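Each remark here refers to the structure printed beneath this line.
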Amino acid sequence: MTATERTLRAGIRGRPLIDGLVRLLGPSKVIGEHPEDLLIYEYDGAVDTATPDAVVLPDDTADVAALARFCHEHGVPIVPRGAGTGLSGGAIPVEGGVVVSFARMSRILEMDVANRRAVVQPGLINLHLSTAAAPHNLHFVPDPSSQKACTLGGNVAENSGGPHTLAYGVTTNHVTGLEIVLSDGTIVRLGGKAEDGEGYDLIGAFVGSEGTLGLVTEITVKLTPLPEDKRTILAAFPTMDQASASVSAIIASGLVPAAIELMDQLATQAVEAAVGAGYPLDAGGILLCEVDGLRDGLDELASRIEAICRENGATTLRRAQTVLEREKLWAGRKGAFAAMGRLAPAYYVQDGVIPRTRLPDVLRTVSEVSKRHGLRIANVFHAGDGNLHPLVLFSDMRELERVHEAGLEILTACVEAGGSLTGEHGVGMEKNCYMPLQFRAEDLALMRRVKTAFDPADLANPGKIFPTPSRCREFQLHATR
Amino acid sequence: MSLDRNETATVERLRPADARTCADILRRAGEARQTVRVRGGGTKEYLGDPRPTDLVLETTSLGGIVEHVPADLTVTVGAGTRFRELEDALARAGQMLALDPPHADAATIGGIVAANSSGFRRARYGGVRDLLIGTRCALVDGTVASAGGRVVKNVAGYDVNKLLIGSFGTLAVITECTFKVTPLPVATAGLRARFRRAADAYAAADLVARTPARPAALAIDGRARDAWELVVLAEGEPAAVDRAIAIAADAASARGRAERGDVTAALTALRELPASADGVLVRASLPPAAQTAFAEAAMRLEGFMRLVSDAASGIVRVEVRGDDDVLVAAADSLLADARVCGGSARVERRPDRLRARVEAWGDGDVPGLFLMRRLKDAFDPNGILEPGRSVVS
Amino acid sequence: MTGYPRPIDAPSPELLQRCVHCGFCLPTCPTYAVLGVEMDSPRGRIRLMETVWSGRVDVAGHTFQKHIDQCLDCRACETACPSGVEYGKLVEGARSQLELARKRGPLARLARTVGFRVILPRPAVLAGFVRFSAIARRLGAARVLRILGFGRLGDLLALVPTRVSSQRLPRSFAAIGARRGRVALFTGCVMRAAFSDTNAATARVLARNGVEVLVPGEQTCCGALHAHAGARDDSRALARRNIEALEALDVDAFIVNAAGCGAHLKEYGWLLKDDAKWRDRAERFASRVRDATEYLAAVGLVARPGAMRVRATYDDPCHLLHGQKIKDQPRELLRTIPGLELLPLVEADMCCGSAGTYNVTQPALSKALLERKVEHVVASGANMLVTANPGCQMQIDAGLRAARANVPVMHVMDVLDKAYETA
């Protein structure tokens, strides 16, 4: 647990809050009667923690709206939670308040095959949507590594990506409609099944807003035809430099693969221990590349990619021959973060993005940071869009400060290379203090205008995205030093 | 039509050369409560219900390519740059910005973004919102702010880019844009298929859209009740392009007559519909499967001239000609139909004399409008930017 | 009180810290699927176990007790976990602490003692108990019990299978044809008392495939139910007896046909890890345990089964799939039967709610899971459900009967045996 400096905002807390919520929604939807239960909602997939004052499990939009009105009236922050797989502390009630778990709003409301749309509740698991769409030869494109567990609501909040978003876009490119509940309890429907609407693109602003603009209660997404076929290539290189040079060469050649993933030796070891995906253990870098679409010409594309890898020093080249082989290759990649548990009890994953051409030098910086701090750092990432995921391994929460420092150095390098603090995990409470690295005060003020329009009372997931004076003071001192 | 306050030359025209100057102009205008119109290539002056303003801010000096790193597949460009100019520069590096907006010769990048102006190729490559990754803009409080960035994946903070797309300059003045770019396709092929019924044309388009063929354009052109044409463009690797056209030919041949050939010119002509501003043009955005019903209703309207549809995206434009009453009735009916179909619509063009009788958004009942107004207030509290241009202002 | 009453059996910090709280286990957890609360997810329960170490949660408190009790110990989370968290060991550790801390009434304590120390280890007593229950059920005792206000007992009685068998097996089955192996059959407690037909079928199938089968009489209950319920010392006593009785046999493997027993027997090493005298013997013993399907699939069938016209579907017993990672073998064996069409079953990897004594201790949750299972079985279109564990067999059979679905439930070994009869 990190020693997070908290500013508790809740107008009411403890017994009065629980009693009020139970009166409003009934006991089966409220957790907090037994305070020990609340400790089990103080974490998500990342490292930061904070205990909620109450947890509410709504059944429908009306519950959410009633809850929001209640919280608005009493000045209580409201923090949405999907499956709690997030990697930036998005679901952590850093300023206290009510955590809203969408675990019971997890239905597919409509599978609209004719329009290639699905209308779903926010608690629906990402993979369950694609599974349900598969008989219609359709799928939902964003495929975060946590897709077996993470929810659509979480995907909307974080604007989630995944390996296959390189060619087909992230969550925001696949949402056409939302029903949201503002922090004052107003229910607003935005868009629908059409691609454009009149007026401002509020859906575009809402997707990726990490619960700070309101709570999403219904989502309409595009479903995309499944590719007819795929070719998945594993290429092993003696060094990461060669692997990343291959990525640049593939992009430069004008090819747009569906996915290009990279993994270094440390990550490979963990993955092999966990999944046995068949990655060569002696390689310095492993590249996973997939082309898909119509069957025609795929073999030729795959051969071109293999040729580029060979020119860049690949020692092993393997093309998945069966669906099972392909799934195994991907299982390794998708289980990579969690597999770190095999190497160390804890990890801190970064999510910086860099222009693709800067890959080799930023990776070298990562390895320097690792040496300087004496911390092992594994790399598993979406190389095709320059989205790095350095995993800083550690074993003791007392190391956390050093770990954060290493993470910050890596992020600084990403931003200096012209990149971003986060490509898909979100800012949350993990990187909000770092936002000034990437954005000037004017830029943050621009975002603040959006926040004010949606949530003037600042009750929707407060303490996220924007730097907060209490928690970020230390970082600002650090930065000015 | 002139949008200047009056026909005498009292309107101040300003042409800032950088974002800072642009912001200063806005700040002074704000202090003086002067209204401002933002003009790029001036190609889309017909959109919305714009009212005359005190100032016209021209973006054409905010031009030029700021940065293009071909290997990163991104380009940063001044908002005043003409689309054609950017297209040529990218082509020299074997790349393209995969938009095919109307008025491509004269339209500026800023105008294309502000009007969310896209063509048929959004079927494969996405529209402006899928390609724009960063913007710089000047605000009425005199600040210059950036949104997004120059990397293709970025979730740091709110995606303010999205709000600027289609905002018609009512929130801020876009001064610079960064886009994802794409390698030029190796191969291109086309197909045209004729049908006697709208439903057949849409059914064929739907069959193609349901496959992984990912055509670059899936356009439908209806000229009369019994004259419908499907125009398919495929781009990409040669083998896949051949196959995509074969799939389209298959889909079309059951119901109509298909013919392979170059469709570039045909698509450009459809995109520019209509050349004259005579009559009414309604643009609807619909759930894809609702297009057939909408088209069948449209073709029965008195004065129906032509319907052009981006069948993959559900964007339909209908042209109607006739006397004033016919035009008013058709516009009302199309706006209502779009809503019934689960979509939305606006009147893009109508004769000046009908501006009072045919409002661009009908009754203006847009979901979430109150939130949009709050946003407008947060960005432009005195409402000096582009009055009447958007349903929000 | 803070911390655990008996740290040596408590969920160890080393095992706990493998969890990186990624949440991948959540959708695979049956109780999370039904209840949707984090405390009833594997990740939440692991967190509970951690917070006891840090003194923030009390073992005897409501939260720990309720949610550790509600765990099925189905170990689906282990299959889902990329970090390799050994959840079964953790939850059994937590249960052992809960038992020490829990205040039970004298009646409950007595029932537990009688069940665990008198009935389960004694086959004859258990068999008598089962026969009595079967007769009582046929006589409509469930209705009487419900009328008298003992609804829960009545529900339990419904679980008793329509046909029970408890005859004694011969001491050995000679291999038919060339002898390819020699094994000892672990006959179990419930298996011996109610499903001895299945034991006999297992032995016959093995014999038909050239395997000599010994049926040692000295063995006893494996102790799995005890361990799941937190009675680790009782479980250890039974383990020692079994090791003593079986370890000296000159056999290739100890064959088990009850998934729950198999998973537990394979963990005797862990159970006795802190017992210096027994640790190595237990490890050696555990390494020789094989599920019947696992063994048969490995040695391969030499005799071809006869044809069966049946549309079957297979439900994975949790402790076979998640506990022993045996997924393909039973399916492969079923596919060798000509005419048997194996249909897919949705959520075949999710617990049916039986889970040892779970249908007794958590009837409501158990019922919810059973209904879910029955729904999927019916939707599969199969006219026979095959599984490989007596608990699952009884539970699903009761569920299907209650739903008036005409789908018999059979053990994979019974199916093979029946197929051989027609060969």
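Per-chain numbering from 1; labels A, B and C assigned in written order.
To be clear about the criterion, contacts are C-beta pairs under 8 Å (C-beta built on N, C-alpha and C of every residue); 3 or more make two chains touch, one makes a residue touch a chain.
Note that the structure is a prediction, hence the values are computed from the model and not measured.
Between the chains A-B lie more C-beta contact pairs than between any other two chains. Nearest to the common centre of all protein CA atoms is the CA centroid of chain A. Distance between chain centres (mean CA atoms), subunit A to subunit C: 38 Å. Rounded to a whole number, the gap between the C-alpha centres of subunit B and subunit C is 63 angstrom. In this assembly, the C-alpha centroid of subunit A lies 31 Å from the C-alpha centroid of subunit B.
Among all residues of subunit B, none touch two or more other chains. The set of subunit A residues that touch two or more partner chains is empty. Subunit A makes touch with subunit B in their complex at residues 112, 114-117, 137, 158-159, 161, 165, 169-170, 172-173, 182, 188-205, 207-209, 213, 225-228, 248, 251-252, 254-256, 292-297, 300-301, 353-357, 382, 385-387, 418-427, 431, 435, 438-440, 442-447, 449-454, 465. Within the complex formed with subunit C, the residues of subunit A that make contact are 31, 34, 36-37, 39-41, 43-45, 55, 57, 83-85, 101, 103-104, 106, 123, 125, 128, 146, 148-150, 273-275, 335-342, 345-347, 395. Subunit B makes touch with subunit A in their complex at residues 69-74, 94, 116, 126-127, 129-130, 137, 139, 143-147, 149-163, 165-167, 171, 182-184, 186, 209-214, 237-240, 242-244, 247, 285-290, 313-315, 342-346, 361, 366-369, 371-372, 374-375, 377-379, 390-392. Considering their complex, residues 17-27, 32, 36-39, 43-44, 47-48, 51, 56-58, 61-64, 80-85 of subunit C touch subunit A.
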